[in-house]
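Have a look at the structure below before the remarks.
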Amino acid sequence: MFKHDKKLLREVKVEKPNPQYAAMLQEQLGGPNGELKAGLQYISQSFRIKDPAIKDLFLDIGSEELGHMEMVAETINLLNGHDLDVQNATVGQIETHVLGGLSPMLANASGEPWTANYVNVTGDLAADLLSNIAAEQRAKVVYEYLYRQINDQYVRETIDFLLNREEAHNALFREALNNIKDTASNRDFGVTEDSKLYFDLSTPGKHFDAPNPTPPSFDNPRGPSH
Amino acid sequence: MFKHDKKLLREVKVEKPNPQYAAMLQEQLGGPNGELKAGLQYISQSFRIKDPAIKDLFLDIGSEELGHMEMVAETINLLNGHDLDVQNATVGQIETHVLGGLSPMLANASGEPWTANYVNVTGDLAADLLSNIAAEQRAKVVYEYLYRQINDQYVRETIDFLLNREEAHNALFREALNNIKDTASNRDFGVTEDSKLYFDLSTPGKHFDAPNPTPPSFDNPRGPSH
Amino acid sequence: MFKHDKKLLREVKVEKPNPQYAAMLQEQLGGPNGELKAGLQYISQSFRIKDPAIKDLFLDIGSEELGHMEMVAETINLLNGHDLDVQNATVGQIETHVLGGLSPMLANASGEPWTANYVNVTGDLAADLLSNIAAEQRAKVVYEYLYRQINDQYVRETIDFLLNREEAHNALFREALNNIKDTASNRDFGVTEDSKLYFDLSTPGKHFDAPNPTPPSFDNPRGPSH
Amino acid sequence: MFKHDKKLLREVKVEKPNPQYAAMLQEQLGGPNGELKAGLQYISQSFRIKDPAIKDLFLDIGSEELGHMEMVAETINLLNGHDLDVQNATVGQIETHVLGGLSPMLANASGEPWTANYVNVTGDLAADLLSNIAAEQRAKVVYEYLYRQINDQYVRETIDFLLNREEAHNALFREALNNIKDTASNRDFGVTEDSKLYFDLSTPGKHFDAPNPTPPSFDNPRGPSH
Amino acid sequence: MFKHDKKLLREVKVEKPNPQYAAMLQEQLGGPNGELKAGLQYISQSFRIKDPAIKDLFLDIGSEELGHMEMVAETINLLNGHDLDVQNATVGQIETHVLGGLSPMLANASGEPWTANYVNVTGDLAADLLSNIAAEQRAKVVYEYLYRQINDQYVRETIDFLLNREEAHNALFREALNNIKDTASNRDFGVTEDSKLYFDLSTPGKHFDAPNPTPPSFDNPRGPSH
Amino acid sequence: MFKHDKKLLREVKVEKPNPQYAAMLQEQLGGPNGELKAGLQYISQSFRIKDPAIKDLFLDIGSEELGHMEMVAETINLLNGHDLDVQNATVGQIETHVLGGLSPMLANASGEPWTANYVNVTGDLAADLLSNIAAEQRAKVVYEYLYRQINDQYVRETIDFLLNREEAHNALFREALNNIKDTASNRDFGVTEDSKLYFDLSTPGKHFDAPNPTPPSFDNPRGPSH
């Protein structure tokens, strides 16, 4: 079961209201690489997992992402300020001003509502972990884009925190993948000659050669944090 | 922040696997009146609310709904059994067998992925509470339809529990609406003569008369449970 | 069958073209709380209803909402003016200028196309009426947001008319709910002790107590309009 | 404004309930070539049209399509019968049994909710008329597919009527296109040599030659029905 | 199989970066009348076609449309310039700046992701050809709207080329329809008296008469280009 | 530009028509891990890439995936057989029988139309390559699920070929990631202490420790295939 603590995972604040920044940050509340997607992806994946360590990891990180979602939502809330003012404020979605009464919304920066099409669940541990590693990297990239375009010191501090947490999750998912690397879709890894062909279909140019298929495994050295 | 307790809000079990029942129950995991919708609607509404009592109520119930989502997902998980078998099993969505590897999915019984279009957030307390009251009533109706078509004693017990919880939420939201009835979109309730017209546009038949607009308020007697 | 009268339900005009206002008003043509949604929701609900009074009410109001849709569309049409000019005009959706040739479109203010996911039909009278009451309240709130941000006297008059009509519908739906209150999902209202629990899952804070579930019924005094 | 007459455009009946046929017919209630799409496409196109004859034509046919929608919905309603029974009844969508309480729904035969993405409005008469001609032809094809698979005499009579009406609309739209053929996107029809090239990009095979672009115009002989 | 040649079908360039123009051009990359839609519609239709000439035509044009998609994408790429700058640049979608890192995206000008709901495939040659003729006309109209609002000489040259190609495709599809006019959904064209009715449902105004249904066939004179 | 060769990348056949298998295979034509998604993801990513080797790789594999799409579509086409017969044939989507006239469709096994929400493009090489590695792994898993449930020798041979090609792509994308590992979102990899925290939010259970963030890099030994 889920419990809620009204304390945020980390306090957020803003220099001053800025509806444009609010619209941009919507991307990480309700966009394809945002916090709701991350939270629901990991929680959904956990539903059928039997491995207790991976299940716990997915639920730890999934719960944390819901807490990130709250932090992003509260930041948007503060940036939205107190006035409905669609005309001077927003590039991108305007639902905040005409539909939501300045509430943070489950939509991306252009107003596309969140959809479970963003969520990848296959019931296969190797595939799900790779999906999560990719998702964390994309989330990090979006935060970098936002960081560059948002000149509010406090919002940047929040973004920096969240970006660093994506790095942490990324490292953990890679470690988990290495732990299970001879199981799931990597088990019984038998490939035929078909997997060693290279079709050079775009011309001109040939830069890669016939591949040598192996199950994915990360070079993930455990260092001093242990 | 959100925390997770691996204990379910209430234990679930099933008589035996039944992929058809699993497909049907998907409606309350990822459908428009399901538990994910309820949880995210109330949590989203809470983001901007200032009234501490209502905010707490939305977060209490929103968190509970996430716990219901887990109960429904675990029930689907048990009903899905252990064999991919799309052909003998499922009317409705088949993503479970070809995409999800028997995992519960964030989609309805026909395979439509969950979408935030199901979520109503207006930033207005009266409107949001009425949306919630309607949502709880619809959830109850869907559970009744499922109850009638699912002949598994343990699943029925789970449905019965969840249905009763919707009643509880419904009563609480009505009480909250009565508490704030002179505020929000009900404040400054001034209507013109236009609101007292009746357009009899479908013929034949006239069964209702010109209305007498008043702000919505429930007849919600407080009884012995106090 | 549906018939069309080229006369609008109420004449609309605008002070002068204003593509920004046009984009904002799109919310009530093709958004989740707009006129198309209202019209199609009530008409869809009417398809299976047996109670002749309720069926007539849904068709009267559903038909009226289609007429409102026309009023909103014609207002958008006038506000769009005569020049494709995406750059100086619009925050929000720009499909009007690059796709629709200044036609009103079945999309919300940010360009999300209308979807039947907005429509609630359960085949249960109590649930459907509560959905309608909530829908009317939300529509009213959106019109209030638009009214505050649109400084065109004639458009405001149109909004004021439409808003008052939502009040009328709201009162009528409440009256209908009171009429059928011991039927549909309210019939055989038997709840167990589970419905009298309160899960205090968000901490700190406990503002509500164990509820006393009863079927929903409105305090809807019939006044002088009869 | 729209008015509703409780008499159907043409009476419908069914031999007996058949939930499978109901599910199939959903395609023409809420699918991409169905009656709701047709009705809303023509009505939406009418919003900005100045030519009074075309505007009237679009509203006449658009209103008729809403009446067709009612006929299809009532047929589905009768075919749905009286029992929720997802297991013995339905291939395709099952929302009818778990969500809608046997109500006809605004979704296609597989449960995809209706979306305004189906609607084509460009604000250009030639393009809109060609869109309508294509839409009517597609609708006719879907009715033919349904006719072949539905062995209920009365439903077939309804399908036959609706199919013939699509033919009528098709002929009218072609006549209208011929009437306006030197206007709209066909006006100032100046093409460059680029329009006379043929790129033979799929090999082997070349069956067509460089084209001779002219504005579209139908061979639409007016015959004895005048 | 598909092969790719890194040479564009026709070279594109831009006077200078202009993120606003980039956003507008997105409509023809990922919108309902854009190049991806055209390419995938014709290729999808080709999958089941037996007539070798039509199959070849659909694959020739479908492949060409994928090449157009590349031209539009590269133009957007150049217009996007080098700086993430959501605030000074864009009306409409802002995903380019917060999600895509200035990459062209499979979405329309307001950020709605491309969907196969735009694609019409019926398995009937007459219907599919009419769908294609309509699609080409709509594409032409959108290019005209863009041409009028984009003041960049090189982009205009690209638009002019693409627009002329739509004319070529349009003429070819009409020729193909004339070739197969007694087959497919036009075969056994038997209509009943129902197809000769006119329902004058929108009043006042009656501008058209009872139609004379015939199978669609274009007045498509073959001229000097042969 | 794209060119098409009517020869398939590899010949496909089926033992005999089987509409149920056809419906299941739709998942890899129009589903989230299917061939259209793969093709369009890699081609979209290529639009802005400057690195010539990676651009060539994305276009080689993207073009190959379009060829896979054709193979899957032709297999579905053969499995669909010659008779519209919705009732005896299909669990899952039924659009093939009522809308598409037995044509392969751009939709998944339950009828959800393909959407660009499936496509991940960030403009960052490391993120895009990780997205592709995850996508290939998921595609492989779906093919495994299909292989287990489809008892047609020739379809299994096709699946086996396609599955092996996903392995090849996976290995190539990993090699490419290793090549660029100090660039893109991995460049200037500076993390703060925040990335070394572990939030143990799901209790009971703690199986992982504070992570040691490093840029992702694969253990991808080059073997004898060179």
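Here the chain labels run A, B, C, D, E and F in written order, and each chain numbers its own residues starting at 1.
Following the convention adopted for this analysis, a residue touches a chain if its C-beta (ideal position, glycine included) is under 8 Å from a C-beta of that chain, and two chains touch if they have at least 3 such contacts.
Owing to the predicted nature of the structure, the values given are computational and were not obtained by experimental measurement.
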Contact distance in steps, from chain A to chain D: 2
In contact with chain C as well as chain F, sorted by label, we have A, B, D, E
Where in B-C, B-D or A-C does the A-F interface recur, with over half of the contact pairs identical by residue number? B-C
Counting C-beta pairs in contact, which comes out ahead: A-E or E-F? E-F
Just how far, in Å, is the C-alpha centre of chain E from the one of chain D? 20
For chain C and chain D, what's the span in angstrom between their mean Cα positions? 27
Distance between chain centroids, defined by C-alpha means - chain B, chain F (Å): 34
Note: chain C residues in touch with at least two other chains are 1-6, 9, 32-33, 56, 59-60, 62-64, 67, 91-92, 99, 101, 110-113, 115, 117, 122-124, 141-142, 201-202, 205
Given which chains touch which, is the overall layout a line, a ring, a star, complete, or other? other
Could you please specify the touching residues of chain B with respect to chain A in the complex? 1-9, 30, 36, 40, 44-45, 47-48, 56, 59-60, 62-64, 66-67, 70, 73-74, 76-77, 80, 99-107, 113-117, 119, 121-124
Can you list the residues on chain E that touch chain A in the complex? 1-6, 84-87, 89-95, 97-99, 101, 107, 110-113
If you look only at chain B, which of its residues touch chain D in the complex? 20, 23-24, 27, 31-33, 91-92, 108-112, 141-142, 145-146, 148-149, 201-205
Touching chain D in the complex: which residues of chain E? 9, 32-33, 52-53, 56-57, 59-60, 62-64, 67, 115, 117-118, 120, 122-124, 126-127, 130-131, 133-134, 137-138, 140-142, 144, 160-161, 164-165, 167-172, 174-176, 185, 191-192, 194-202, 205-214, 216-226
